[in-house]
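In the two assemblies presented below, subunit A is common to both, partnered first by subunit B and then by subunit C.
Now for the complex of A and B:
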C-alpha cells in the first residue's frame, strides 16, 4: 500500500502546526478550535492508511462529540483569557519542562529507530481486510466475538462514570434545596 | 482510476454541488409562499411567475449591501463561521445514492459520488461538525444573545445526536450494512404480498418507531422549528447569527436549507427506499418501453431516469414536510426540548434496538 508522500506531509505538518497553536494560543476557545483541526489531521492520516472506520470514528467521536462538550463547558463557565493567564512560571520550572520535553522526544525517536516490532506485519493487511468485507465488518466481528469482554467492561466503566456524575449532581442540588 | 473515471467523479461532484445550490433559492421561495398559503396571505408574488425570482432579488440585495464587520468581534472566527457552517452541509451528500447503477459498455456508472465502506458513519461524523459553525458564530460575535444561541445549539445537538445515532441502529441490524448503496438496494425486496399489492421492505415498514425518532432528531439537528431554539427570535433576538449581515448571513441561510436537503435525502434513503421506484412507476417503465419500442440500452436509461425522479420526488416531499411543520407547530420551550431528547427519544431508541433484536432473533423480519 502506497501512501502519497504529499498528503502525508500535508496532514502531519498541519497536525504539528495546530498542536502547537493549541498550546500557544492564549484564548481557551481558540485553543479548542485548533485541537479540532489536530484531530482532523489525524483522521486524514488514518484514511491514508486505509483505516476508514478509524478515521470516521476519529472525526465522529473526538472532533464531533468530545470537542463540542469541551467548548460547551468552556463557554458555559465563560472562561475568559485572564483566568487562563497564570503569569510567568518559575524559571526552574520552565527549564525543567523544556529538558523533560526534549528527553521525551528523544525517547520517541530512539524507540522508532530501534524497535523491531514496528516493522512486522500482522494478519490484517489491506488485502485481507478487503477480502473479509472491509474495515467495518472485520472490526465489528472481532469486537463482538473475541474482544467482547473488554468491550463490555469498557461500557460498565462508562456507566459507572455516568452514575457517579449523576450522584454528584444530585447531591449538590439537595443542598441547594435545603438552603432555599 | 483512469482519466475518464476522474472526469466522471468530478462531474458528479459538480452536479451535486450545483443542484444543492439551486435548492436554496427555490426552498426560500417555497418557504415564503408556503407560509403565506397557510396564513391566508399572498407572499412574494411580484418578481417572475408566482414570484419565483424573489430568491435572485434577495441574493442580489445581500451581495450589494455594505459588508460591515462590528468592532467588538473576533474577526478571524467571525469570518470563518459561516464557511464552517456551509462546508459540512455540502460534504454529507457525497455518500447518498440518488440512483442505482447502469452499465455503459464495460463501465459501471454509479449514481453516487462515493460508496464508502463506512457509509452512514461518514454522514454522522460530517454532520456532527456543522455545529461548530454555529458555536463559532455565537462565540466570536462577542454578544450575550449570540452566545446564548450557540450554547443552546451545542446542548441541543449533543442531546439529539444520541437518539439520531441510536435510531438508525435498527436499520443497520436489519440490512446488516452501513453502506448507503446496500441499504437502498435491499429496500427493493418485498416484505409482504397482499393480493395484488406488494409492500416493499422500505425502512418505514420495518422500523416505524425508528423512523419517528430519526425524523424528530433530524428536525432538531437542522435547527428547524419546533427546535429552532438557537435563533429563537422572541427570546434571544436572532441567536447565533445576530451580528451577521449581508451575504455572511446569507451563507447561514444556505447552510440551513442545504442541511434540510441532506436531512430529507437521508430520510428518503434510510426509510423510504432511496431511489427505489415509487408505486406504479415500474408499470410506466414497462409500458413506455413497449410503446416506443425502445432498445435494451434505452430502457436502462429510462429506468435510471425514473429512479432519479422518484428519489427527487421523495426528497421534495420531505422538504415540503419541513416547511409544513415549521408553519404548523409552535416552538418548544428550552426545558421541553431537553426533556424530549433525554427522557423520551433516548429511551425509545434503546427500546427500538431491543425490539428489533428480538424480532430478528425470531426471524420475524
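Now for the complex of A and C:
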C-alpha cells in the first residue's frame, strides 16, 4: 500500500504501547487517558490510509464524546480511589487468556499473510475519489443515496439507546429511594 | 519500502487480541468497557484497510455505523455501570453475585 512506513510504524507502535497500558494500568483514569492516545494513533493511521472523514470522526466521536463520557463516569463514581480492588484476575485465567490471545494472533497473521487478495476491485480508486471532490464528499453522497436505509435505522438505534440509558439510570435511583 | 496490507491487518488483529485479553483478565467493569472499545477500533481499522485495498467505500461506511453503535453501546453500558454501582457500591465484576444467594 502506498503509505509512509515511518508514520505507520510510529502510529502503530504508540497504539500498541498505549493499548497495553490501557489493559495493564491499575488506575482506571490512567487506562482512560491511554485509550484516548490509542484513539489518536488510530486517527493518524486512518488519515494515512486516505480515510480522512473517518479520521475526523474518530477524533470527534471516540476521543471526544465517548471518552469524555467514560472519564465523567469514573469521576462520578470515585472509582479511581485505591479503596476499589483493581487487581487482576486469577493467575490461570490471566496466563491462559494471554496464551489464547497470542495463538489467535499468530493464526490471524498466518491467514493474512498467506491468503490471496479476495473480492473484486470497486470503482473508488484514490484518483477517482480525488476527481469526485475528495473523500468527504464521496462518502457523504454515498451515505445519503446508497446507504440511506442503514443511516435512517441508525437514528432509531440512537433513540432506543437514549431511552434505554435514561430508563436504566432512573430505575436504579427509584430503588435506592425505596430502600432508604 | 512499502507497508504491505497484511502488516496493517496483523496490527489491527494484535490490538483486537490486546482488547480481548484485557476483557478476560480485568475485573473493573469500566476497564472492561474500554477493552470493548479497543476491539471495536481494531475492527474499524480492518474495515478501512480492506476499503482502501479494494477501492470500495463500503468499508468506510461500515465504520460510521460501527462508531454509532459503539456510542450507543457505551451510553447504555455506562448507564448499567451506574445502576450497578448504586446497587452494589462497587465496580468490581466479582461482586455481581446476587443470584447466588
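Here is the rule we go by: the second predicted complex is superposed on the first by the 151 of 180 C-alpha atoms of A that agree within 3 Å, B and C clash if a C-alpha of one lies under 4 Å from a C-alpha of the other, contacts with A are read in each partner's own complex, and residues count from 1 in each chain.
We take it that a contact is a pair of C-beta atoms (placed from the backbone, for glycine too) under 8 Å apart; a residue touches a chain by one contact, two chains touch by 3 or more.
Note that this is a predicted model, so its numbers are computed, not measured.
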Q: Could you look at A:101 and tell me whether it touches subunit B, subunit C, both or neither (first, second, both, neither)?
A: second
Q.
By the touch definition at the top of the document, which applies to A:36: first (subunit B), second (subunit C), both, or neither?
A. first
Q. When the two structures are overlaid on chain A, which partner does A:65 contact: first (subunit B), second (subunit C), both, or neither?
A. both
Q. Counting residues of subunit A in contact, which comes out ahead: subunit B or subunit C?
A. C
Q) Thinking of the overlay built on chain A, is A:76 touched by subunit B (first), by subunit C (second), by both, or by neither? A) both
(Q) For A:136 in the superposed arrangement: first (subunit B), second (subunit C), both or neither? (A) first
(Q) Let me test your reading of the model: by the given contact rule, A:156 touches which partner, first (subunit B), second (subunit C), both or neither? (A) neither
Q.
Per the contact definition in the header, classify A:57: touching subunit B only (first), subunit C only (second), both, or neither.
A. both
Q: Touching subunit B in one complex and subunit C in the other: list those residues of subunit A.
A: 53, 57, 65, 69, 76, 135
Q) Taking the complex as given, what residues does subunit C use to touch subunit A? A) 1-6, 8-11, 13-15, 17-22, 24-28, 30-31, 33-35, 37-38, 41, 44-45, 48-58, 60-61, 63-65, 67-76, 78-83, 85-87, 90-92
Q. Can you list the residues on subunit B that touch subunit A in the complex?
A. 74, 77, 116-118, 121-122, 124-126, 128-129, 131-132, 135-136, 139, 147, 150-151, 154-155, 157-158, 161, 178
Q: Report the residues of subunit A in contact with subunit C in the complex, numbered from low to high.
A: 1-3, 5, 8, 12, 15-16, 19-20, 22-23, 28, 31-32, 35, 38-39, 42, 45-46, 49-51, 53-54, 57-58, 61-62, 65-66, 69-70, 73-74, 76-77, 79, 84-89, 93-94, 97-98, 100-102, 104-105, 108-109, 112-113, 117, 119-126, 128, 135, 138-139, 142-143, 147, 150, 154, 157-158, 160-162, 164-166, 168-169, 171-173, 175-176
Q | Parts of subunit A lying in touch with subunit B, wherever the complex brings them together | A | 29-30, 33, 36, 52-53, 55-57, 59-60, 63-65, 68-69, 71-72, 75-76, 134-136
